[in-house]
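The next part holds the structures, each set out as structure tokens.
Presented sequentially are two complexes of chain A, the first with chain B as partner and the second with chain C.
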Partner chain A sequence: MHSFVYRLNTLVTFSVLLLGVLCAGASILDSFNSHSVRAHVEVLKVNRFRRQLNGNDEVALTLNISVDLQSAFTWNTKQVFVFVAVEYETPKNALNQISLWDHIIPDKEHAKFETQVTNKYLLIDQASFLRIPFCIKNLIIWNMKEHGSNLRGKKIELVLHWHVMPKTGRMIQDKIGVSSFQIPEAYT
Partner chain B sequence: MDWQGQKLAETLMQAMLAAFAVAAFATGYVLGSFRTMLLAYAGGVVLTALITVPDWPFYNRHPLKWLDPAEAERHPRPQPQPEGASKKKPSKTHKKVGLVNSFGYIDREEAP
Partner chain C sequence: MGWVSESMESIRSLQIRQVLTQVVSLGMIVTSALIIWKGLMCVTGSESPVVVVLSGSMEPGFKRGDILFLHMSKDPIRAGEIVVFNVDGREIPIVHRVIKSGKAVAHGEFHFFFSVTVVADQGKRAIFPQVTAEGDNNFGDDRLLYAHGQLWLQQHHIMGRAVGFLPYVGWVTIIMTEKPIIKYILIGALGLLVITSKE
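The block that comes next holds the complex of A and B.
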């Protein structure tokens, strides 16, 4: 502590150390915040359900989304990223997740809302085929035989995911199942 | 800044910063504003800097007591012997002669 610069250096170093402690403290307190999120998402209408040329199934939906994420906000929350995903099972994959809609909530005042949206991102189920080769006059033809994966009559779960992005510390992820929906048997 | 002033400055700095940190955290948490916490803490750091970094007069209340000059003259410091005063040896002139052998370059002293 013998000179001006030396004292200034000590002060800056110690103050930055304490700033780190403050941020860590805020982050630790954040993890004790138990948030109870109320959300309801339902499918109002199937706008389009068709088979694409490459065999994938494509669904366009209208969703009614009502969300109350206010309890996810604490003093250390920068923003909350929220998205609605469908989850379903196919013979090939036990869990398929497709995001339909997402939104960034900047503050607590905007954390409670109800909205009707069409899905931002198309629900496209990748077709899975068995490729069966056979020969016609020295030409190998690949016969694409459908492997039983399509969305007709499929029961899908709608799940609301949210990621709480803090100002300092760890990002908190959570999800809640909101409803289930059966895709119609027939293409439109 | 004297010795006790330095100790006081360091203790004061640590105590003030810690106190401001705790106060800022409590304020921010109660008001639910991270920004308030940062501003309160920044204010505390600036205040602490103003108090502990400059050499204020109250850090100089315990000046060092140096020996009286008369006392110092009675016990003179042993003076280092001046060069060439006691050592009355004839200064050798060293002449270096280089010798190259198969191991490299070797210096060899040669008397005049």
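The block that comes next holds the complex of A and C.
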């Protein structure tokens, strides 16, 4: 006969294994879910466009955001993190990304909405982007400082990203470009 | 009490061959755990492929005690990704989301750098002692947290980006770290079990 401890051991091992298989299964099923996300984001107004004292350009915008992320939800979805980022190019940086607004969608019922927001994080083109010290033969060299005044007349792309955070398993992320916007030539 | 005396009896009646078998099987358990850990390090490219979330700064996404699987690759870190990073002068790694990133071309080399921050509106501060950390749950960006003079994180600060998630499992390690007595009891009980078990 098997002892009590032996039985307990088998039971625990089997339950843990089963739980693991179920978790893996839930995560695998998620990858069969195709997202057909509809989104529209546009810049309604430039509230402020100025140069900061340190030479960085700073932009405050009002955005109109309408999103339908219902298709991103499955039974294994805990929440969807959605954010709007601007992407632009500067002479020194091949790609700059700055998040303007973000939001946590807790469930499918709240996944379709339209809202008007001012950017939660100011769009600041940072000079300090390039102040990366690096060493060559024990000499610390500071890169030439790129002034953060690259935004005048700059065409920026607005991109909607969403990250599906699962109850368990693999995290899924995706994005779509929603619109582009030309920043005015003159400071306000 | 019968169970205890039975166990003592079985210890007394051990044969040398049995002892050896037990030692070998115990060794197998330890080494296979080590193999799995090192194998994960190879596959993910991260020096710690599995981390336990210790703070509530990324709630409601990640709670204390959840486990994150990390992956490390040469790809640049982009805005929105959740990264685990070390800050110069701090021992405990931090899990946060990237809000700004850039790719600088300098002297023919690429440098990736980014700033991490906030996410949600339900702001709650002070997760780490003495510094202000910013996760999904806090305001502002993480610069206050970085070492003096450090404005951006760079590639070498990164331990990996979070790719997978498993809830609650990390509580085992948290409990064991905070209440060492439980760890010793557990190890003792397991050891006793291995010694006394009759195949």
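The rule is short, and it goes like this: the second predicted complex is superposed on the first by the 164 of 188 C-alpha atoms of A that agree within 3 Å, B and C clash if a C-alpha of one lies under 4 Å from a C-alpha of the other, contacts with A are read in each partner's own complex, and residues count from 1 in each chain.
The working rule: a contact is a pair of C-beta atoms (placed from the backbone, for glycine too) under 8 Å apart; a residue touches a chain by one contact, two chains touch by 3 or more.
Worth saying up front: this structure is predicted, and the values here are computed from it rather than measured.
Engineer: Are chain B and chain C a fit on chain A, or do they clash, once the structures share the same frame?
Structural biologist: On the shared chain A, the partners fit.
Engineer: What is the contact status of A:83 with respect to chain B (first) and chain C (second): first, second, both, or neither?
Structural biologist: Touch partner of A:83: chain C, not chain B.
Engineer: In the overlay, answer first, second, both or neither for which of chain B and chain C A:104 touches.
Structural biologist: The second partner, chain C, only.
Engineer: Which partner does A:75 contact after superposing on A: first (chain B), second (chain C), both, neither?
Structural biologist: The answer is first: A:75 touches chain B but not chain C.
Engineer: On the A-aligned overlay, A:2 touches which partner chain: chain B = first, chain C = second, or both, or neither?
Structural biologist: Only chain B is touched by A:2; chain C is not.
Engineer: Look at A:22 in the shared chain and tell me whether it touches chain B only, chain C only, both, or neither; answer first, second, both or neither.
Structural biologist: first
Engineer: Touching A:10 in the superposition: chain B (first), chain C (second), both, neither?
Structural biologist: So A:10 only meets chain B here.
Engineer: Would you check which partner chain A:167 touches, where first means chain B only, second means chain C only, and both and neither mean what they say?
Structural biologist: Both partners, chain B and chain C.
Engineer: When the two structures are overlaid on chain A, which partner does A:96 contact: first (chain B), second (chain C), both, or neither?
Structural biologist: It touches chain C, and chain B stays clear.
Engineer: Smallest separation in Å between any Cα of chain B and any Cα of chain C in the superposed model?
Structural biologist: 13
Engineer: Quick check on the output: what are the common chain A residues between the chain B footprint and the chain C footprint?
Structural biologist: On chain A, the residues that contact chain B in one structure and chain C in the other are 167.
Engineer: Contact residues on chain B for chain A in the complex?
Structural biologist: Chain B reaches chain A through residues 1, 6-7, 9-10, 13-14, 17-18, 21, 24-25, 28-29, 31-34, 37, 41, 45, 48-49, 52-55.
Engineer: Which chain C residues qualify as touching chain A in the complex?
Structural biologist: 60-61, 78-82, 97, 99-106, 109, 111, 113, 117-120, 136, 141, 151-152, 154, 162-167, 193, 197
Engineer: Within their complex, state which residues of chain A touch chain B.
Structural biologist: 1-2, 4, 7-8, 10-11, 14-15, 18-19, 21-22, 25-26, 29, 74-76, 167
Engineer: Which stretch or stretches of chain A touch chain C in the complex?
Structural biologist: Where chain A meets chain C, its residues are 5-6, 9, 23, 27, 78-79, 81, 83, 85, 92-99, 102, 104, 106, 121, 126, 128-132, 134, 143, 161, 163, 165-171, 173, 175.
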